[in-house]
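As written, the chain order gives the labels A, B, C and D, with residue 1 at the start of each chain.
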Amino acid sequence: MPTSRLEAFSDGVLAIIITIMVLELRVPEGPTLADLRHAAGLGLLTYVLSFVYVGIYWSNHHHLFRLVDRVDGLVLWTNLMLLFFLSLYPFTTAWMDQTRLEHQTPVVVYGVNLLLAAVSYYVLELSIFHANGPDSRARAALGMDTKGRVSLLLYVLGILGAAFIGVWVGIAFYAAVAVLWIVPDRRAERYLREHGSPE
Amino acid sequence: MPTSRLEAFSDGVLAIIITIMVLELRVPEGPTLADLRHAAGLGLLTYVLSFVYVGIYWSNHHHLFRLVDRVDGLVLWTNLMLLFFLSLYPFTTAWMDQTRLEHQTPVVVYGVNLLLAAVSYYVLELSIFHANGPDSRARAALGMDTKGRVSLLLYVLGILGAAFIGVWVGIAFYAAVAVLWIVPDRRAERYLREHGSPE
Amino acid sequence: MPTSRLEAFSDGVLAIIITIMVLELRVPEGPTLADLRHAAGLGLLTYVLSFVYVGIYWSNHHHLFRLVDRVDGLVLWTNLMLLFFLSLYPFTTAWMDQTRLEHQTPVVVYGVNLLLAAVSYYVLELSIFHANGPDSRARAALGMDTKGRVSLLLYVLGILGAAFIGVWVGIAFYAAVAVLWIVPDRRAERYLREHGSPE
Amino acid sequence: MPTSRLEAFSDGVLAIIITIMVLELRVPEGPTLADLRHAAGLGLLTYVLSFVYVGIYWSNHHHLFRLVDRVDGLVLWTNLMLLFFLSLYPFTTAWMDQTRLEHQTPVVVYGVNLLLAAVSYYVLELSIFHANGPDSRARAALGMDTKGRVSLLLYVLGILGAAFIGVWVGIAFYAAVAVLWIVPDRRAERYLREHGSPE
């Protein structure tokens, strides 16, 4: 089946996830900058981080599906699994904020959430390869997905760092993945430039 | 009239329903895993269940409308009726969570909500058959919809089980429907493979 | 300019409005049907009413724009004005629920909201006629819009009834408009059947 | 890459931002007009203002992308930056409401938010020029973007006015920008009329 409706539904879910996180920001009770910093300082920091993550997923999802010619039922479900773990970001982000980054467990749980989303994205890629065959454009363009594998490793290191060293070690590793990906995945663009695009 | 805008609107509503349920999860007040389990343990469980249900409806809706050539005013309204009952999932899910699955009434009400959504889907199918005529592709591909009828039966058994035996009997029947459908409806895919697709 | 993005944006806003109203339903604190009735009884009633209204607007908007060949900046803004008044439905609905339909002012304010949305829809039609010219299909198909004018009258009567007689008189008039429109506007369908459609 | 999915995602995010602001309106506790004015009077005023701002951005975004032939990774990210600052409107609006426009800091912060969104829009234009080349239609139609530069100046004056004179001076300057833009950007329409459109 064609990919248009899967893309539209994913765009809708990602648009909502990226936007409702702002509802978790606590409105300051007093009128001063100190009130703002107290109520929403950390919240804004983690909001930026989570916004960037969801933005990265949207951008990569966008690039990925430009290479996809067809999807099947399995792809629908691996895509829903990815959306499920992304939909938990507002929840795990809020917990981390509310405990003011002073405790390790919420930071570890946040990292596990990030990791599960990354694993789901990897599984989504595999299901797309399966639906489009070994000679498909997606398979050729993405190849080994080294960057995806490095991300998984960095998340695991961040989780371990947060659990055994300190929360800021974890945050640093998580942020490193964001930096790694903020340059969007050029493989799709390069492939389409070299091999032409069906559009 | 063509189906594109009905599909886009339904995708939007389903994307919101599937995502706002996460807002019902209570953020733990303390920083430990025990706090997480206390605050959101059951919530996560029922969130997964409701996410899967909405995912199933989206997937089947997607498959169904690939077979639909035209819609009329009646289809618009049966589709809205389906969306209405699906939009109550966050509400009935939240009640069930808040009473911690210790009472039968919320589980019965949740089952009634699931049942009404399933009945609406069935009515939507009938209205599509009506709009597309007895020789339409939708009619030919879906046939008797045995799976839909079995689901109705399982929901009724779950409601009765929750009411007269115990909440976990009800939950088990509800989950059985999810398992039955998590394999997306292949009839549409099969029909389109055998008879060709207009796309 | 073409209408596709205006329709997509409107669908998004309407999908959100129709769905977030469920967040206003108060989850019952106890586990019995009496708790449900106490917490959400009136809320469910007005939720159904508001869901039906938004559904009617979506359905009519859908029919209307099938007749529209082009839009200009004025249409963008009259459409935004309509969306603005529709976006207040969750707020005025919540006030009416919270005061338990025991006071006239919230019911009057709700009626004024319904009236302003209906007036906006009428202004949107006028701006579409202006953008598409006196010989356009929209102009020919919609004609005098008697049904729209009757609705305005019924809303005014409902507001006066709620203000001077009692809340249920108001609710009855408001519901009468919903019944009048729940049969979607067949003028667009008829016109397209008789004159052909560009799709 | 083509612009369709970027437009759809942006429409989704803007639709959510424009709609969830209504959730910030406090439902009055009593049933009288005085209760309504007390609870939501200022809120409604700033809701209208923010709704108009987001409406302006959507309208201009719509016009802008009609001139855009292709986007690259940089455009994806400058667009996300714009959406990020727009997504903070509900938060800064709520703070300004909650402190009842009696304090300067929240009004200054609101102005900074407006300014950052306007700067992001400007950066988005630059990234589009970069992706489409110096001879592109976007470049030719938008030219110097005098109106955009005047807006930046007005926002800065409003921020300074709110900080050093009084909140209403700030609000007046912010509202002046809205008035300036409520007439949608006709440059795109004019250009497409004179040079033809690819649609």
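Points worth noting:
Following the convention adopted for this analysis, a residue touches a chain if its C-beta (ideal position, glycine included) is under 8 Å from a C-beta of that chain, and two chains touch if they have at least 3 such contacts.
Just so it is clear, the structure is predicted and the values come from calculations on it, not from any experiment.
In the contact between chain A and chain B, the residue numbers used by both copies make up under half of all numbers at that interface. It takes 90 degrees of rotation, in steps of 5, to superpose the Cα atoms of chain A onto those of chain D. Using mean Cα coordinates as chain centres, the one most removed from chain B is D. Annotation: 26 Å between the Cα-based centres of chain B and chain C. Between chain B and chain D, the centres computed from C-alpha atoms are 37 Å apart. Residues of chain B in contact with at least two other chains: 8, 12, 15-16, 20, 23.
Chain C makes touch with chain B in their complex at residues 7-8, 11-12, 14-16, 18-20, 22-23, 25, 27-33, 36, 40, 48, 51, 55, 58-59, 62-63, 66, 182-184, 186, 189, 192, 199. Contacts from chain C toward chain D in the complex involve residues 1-2, 5-6, 8-9, 12-13, 15-17, 20, 23, 72-73, 76-77, 80, 83-84, 87-88, 90-91, 94-95, 98-99, 102-103, 105-106, 109.
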